[in-house]
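In what comes next, chain A is part of two complexes: it sits with chain B in the first one and with chain C in the second one.
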Partner chain A sequence: MSTLMKRSILLSIWLVSIFLASLPVCGHAAENSFAKKTDFKDNRTIVIEFAGAVDEEWATSPANFKVNEKQNPDVLLPVEKVELSPDKKTVLIRFGEDIDLRAAHVVSMTPVSSEGKNMGPAILDVKKSYFGYLFSILIGAMLINNYVFTKYLGLCVFIGTSRKKDTAVGMGITFTIVMVVSAMISWFLYQYVLKPYRLDYLQVVVFIGLVSLTVQAVDTVLRKVNPALFKAFGVYLVLVIANCVIIAVPLTLASNEYNAFESFMLALGAGGGFLLALFLMSASRERLELANVPPTFRGLPIAFVATGLFALAFMGFSGMAIF
Partner chain B sequence: MAATKKTNSELLFNGILLENPIFRLALSMCPAVGLTTSIKNGLLLGTAVLFVQVFSSCTIAAIKNFIHPRIRIPTYTLTIATWVTVIDLVLAAYVPEAYKQVGLFVKLIVAFAIITMRLEMFACKNTVTSSFFDGVGMGIGFMVGMVTIGFVRELLGAGTLLGYDVLGFKPLLFFVLPAAGFFCVGIMMAMFNYIEVVFNRSKERKS
Partner chain C sequence: MDPVLIKLALGGIAFLVCIGLLFGIGLALAAQKFAVEANPKVEEVLEVLAGAQ
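Up next is the complex of A and B:
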């Protein structure tokens, strides 16, 4: 059983890395050689780094900077103020309202003046790499918004199958596979059937039906194709339907309007996060079996208290931003 | 098919106390942990669950003879999903403010183990009337559980009840924190166990 698990874990890692390698990795381009680097700092700030010191008078006047989204060149974003760092090489452009970090932005500047010299006008692209954005969705679903510890979903299965490490890992892997498959199908169905025909209100019925179908399909295929794997993971398949996460993820995808890549990453993150939670919990519950627990707390109550401690620990991830 | 011999009031009582879904059967823990920061949330979701449980129990009890045993689980799931859609749309239309807070969980009722379990264990073997009372009992039992946890957490965490300030100060802010839901449920389960232990001990002493 353990070699099978190792093999399937390796296989899934390979699949993910191939998928990631196939994504276009975007960078940023600066058209003026004097400007070195551009980046978003937070929701309201753009940072521009210059090769040398620029003049304060020029740099701190908001009129010298025009910012717009690449898709809508006519809509200028309101620049509230511009700050210059003490070494005069970095400029922070602050905005009055939140900007969309996913979109590419263009900063056009009047001729840059540096120590009295004119370095010429500059038009700069600012964008996040799409790869980084996808990665942040994955990590977000896995750690920052872990479905078990910070969204409290899937607890029945979580408590039920976290008694032994073997069971926990088996359940986690089965769940991740079913999760990814059913989330992708339901994303497709929502975007291309439910939405165009205005059948949004059938979400729940369609998604839960899809999940049952996926489970049934995985069951049948696995039984014929790989009986050994079926023996190891087959028992967990039925439990997958009773897990709220499996229906929560398609609903999240539908309400957030994610595209195919983003949906894949969210589903993978949700599955991986569930696997992580199950593994952590089963490891600590194996210890709890041996511990001297008061009789009234034995079994479920102490498991809940332990989960609470994990949840507190996972709160430490909240507010973390990657890329 | 062994129909139950319990009377209707026994069925009601059974769901509320002896087989309380949250504290005794330990099913549907997700909303019990995630949504119980206030009594209001508990009441709203409890109502939704009561509605879905009663109606799907009755539906399955009424059509139980037409369901092929092999497809009974998908049938249950789709029945529940239909009633969940109904209550979801109703709540979104009539109480939009409160719905915003519990929105996702109302849709998730479809995956709650308690409802499927009652259909499988009870409704597919019994008449419509007894299924109705079983459904009402389970629904109210769920609501009682949610409201009890909500009561403790709202009182200790925010010092209010149903939004009204009763204490005037906030004793333990920790209890409205999300993670405290787990502690609260765990400790309350332990309390129920303790009551059971004491009850059994006094029974033994009498005999």
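Up next is the complex of A and C:
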């Protein structure tokens, strides 16, 4: 038993490290080796760094640069002017209007001329750093679009298990595990089975099945591995099967066409947000036990009032943009 | 009816049957691996009790 646990822990560490190691590969890809780096400077400027000096008359003519958002190749963005830095290695493309920094952009250039030599045409991807993007998905799911406080999902478990702090934390961790596992499986099934075979009309049925599979597996394993925690969850572990937060995550990642890393981050953020919500709520409810609450409001009503106040506080995060 | 639609419907049924079987077998194996030995007397006593609730 313990060797099995050790082996599975080692395996998960391996998986996580492979996951982290493969992240930088998914960053920006320059399709011309002469162009070294691309980045946004501000709302109206894209910076391109070259490996060597480029010619001024090529670099400063806006007609040589075509920029579009990756998703709409037909809509060219208006390039106002192009500037060359004094060392001639950096080109600034300026636009007449604000561009959407969250979207990936593509810059296509006519053959780059460097000191009279032709370095070949280039098509470059410009996007925000991938780590920042993943982090913004995580924080977005955890705080800005917290599933409990801004989307009002999963309230039955939220109210039911937030009476005591340790149950709440245990429940939050179980939720996170179930969410991450089911989100990864459902991402795989959605991308490689449902979508290619045009079976996406079955997504709700399949996702419910996946969630109940994960819950049943957690139930079986937890009963053996940690009976005390299992007893503390009681009926709520089974309630996870029919919980809307757990179903909402696969549906969100399917409709947003997230890739594996993004879905992992979304599930982690949603689970972490739920854990945070449960912890905050249980802390305040333990405090409310001692408070002098009017008899009409004692118990559940005051818990709902407190939930509403938390939701108001979380509204402060709305509209925030990170990175 | 459009044969494409029939194909889609049949494909859906086949897919659901497949993942149902797969999940079922997986869960059965897990249940066997992580089996908890329960006291058989608990069941027997529960049988004898009235059990309206």
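Note that the second predicted complex is superposed on the first by the 185 of 323 C-alpha atoms of A that agree within 3 Å, B and C clash if a C-alpha of one lies under 4 Å from a C-alpha of the other, contacts with A are read in each partner's own complex, and residues count from 1 in each chain.
In the analysis below, a contact is a pair of C-beta atoms (placed from the backbone, for glycine too) under 8 Å apart; a residue touches a chain by one contact, two chains touch by 3 or more.
None of these values were measured; they are calculated from a predicted model.
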The answer to whether chain B or chain C touches more of chain A is B
For this session: For A:Ser263, select first, second, both or neither according to whether it touches chain B, chain C, the two together, or no partner.
Result: neither
Discussion item. Looking at A:Ala242 after the superposition, I want to know if it touches chain B, chain C, both of them or none. Which is it: first, second, both, neither?
Written reply: first
Message: Just checking: does A:Gly209 make contact with chain B only, chain C only, both, or neither of them? Give me first, second, both or neither.
response: both
Determine, under the contact definition given at the top, whether A:Val193 touches first (chain B), second (chain C), both, or neither.
-> second
Looking at A:Leu312, would you say it contacts chain B, chain C, both, or neither? Reply first, second, both or neither. first
Kindly classify A:Val221 by the partners it touches after superposition: chain B alone (first), chain C alone (second), both, or neither?
second
Problem - chain B versus chain C as contact partner of A:Tyr201, first or second or both or neither - result: both
Both partners, chain B and chain C, contact chain A at residues 201-202, 205, 209
As the complex stands, chain A meets chain C at residues 189, 193, 197-199, 201-202, 205-206, 209, 213, 216-217, 220-221, 223-225, 227
Interface with chain B, chain A side, in the complex: residues 149-156, 159, 201-205, 208-209, 212, 241-244, 246-248, 251, 294-297, 300-305, 307-308, 311-312, 315
Per the touch rule, the chain C residues reaching chain A in their complex are 8, 11-12, 15-16, 19-20, 23, 26-27, 30-31, 34-36
As the complex stands, chain B meets chain A at residues 26-31, 33-34, 73-74, 77-78, 81-82, 84-85, 88-89, 104, 107-108, 110-113, 116, 177-183, 185-187, 189-191, 193-194, 197
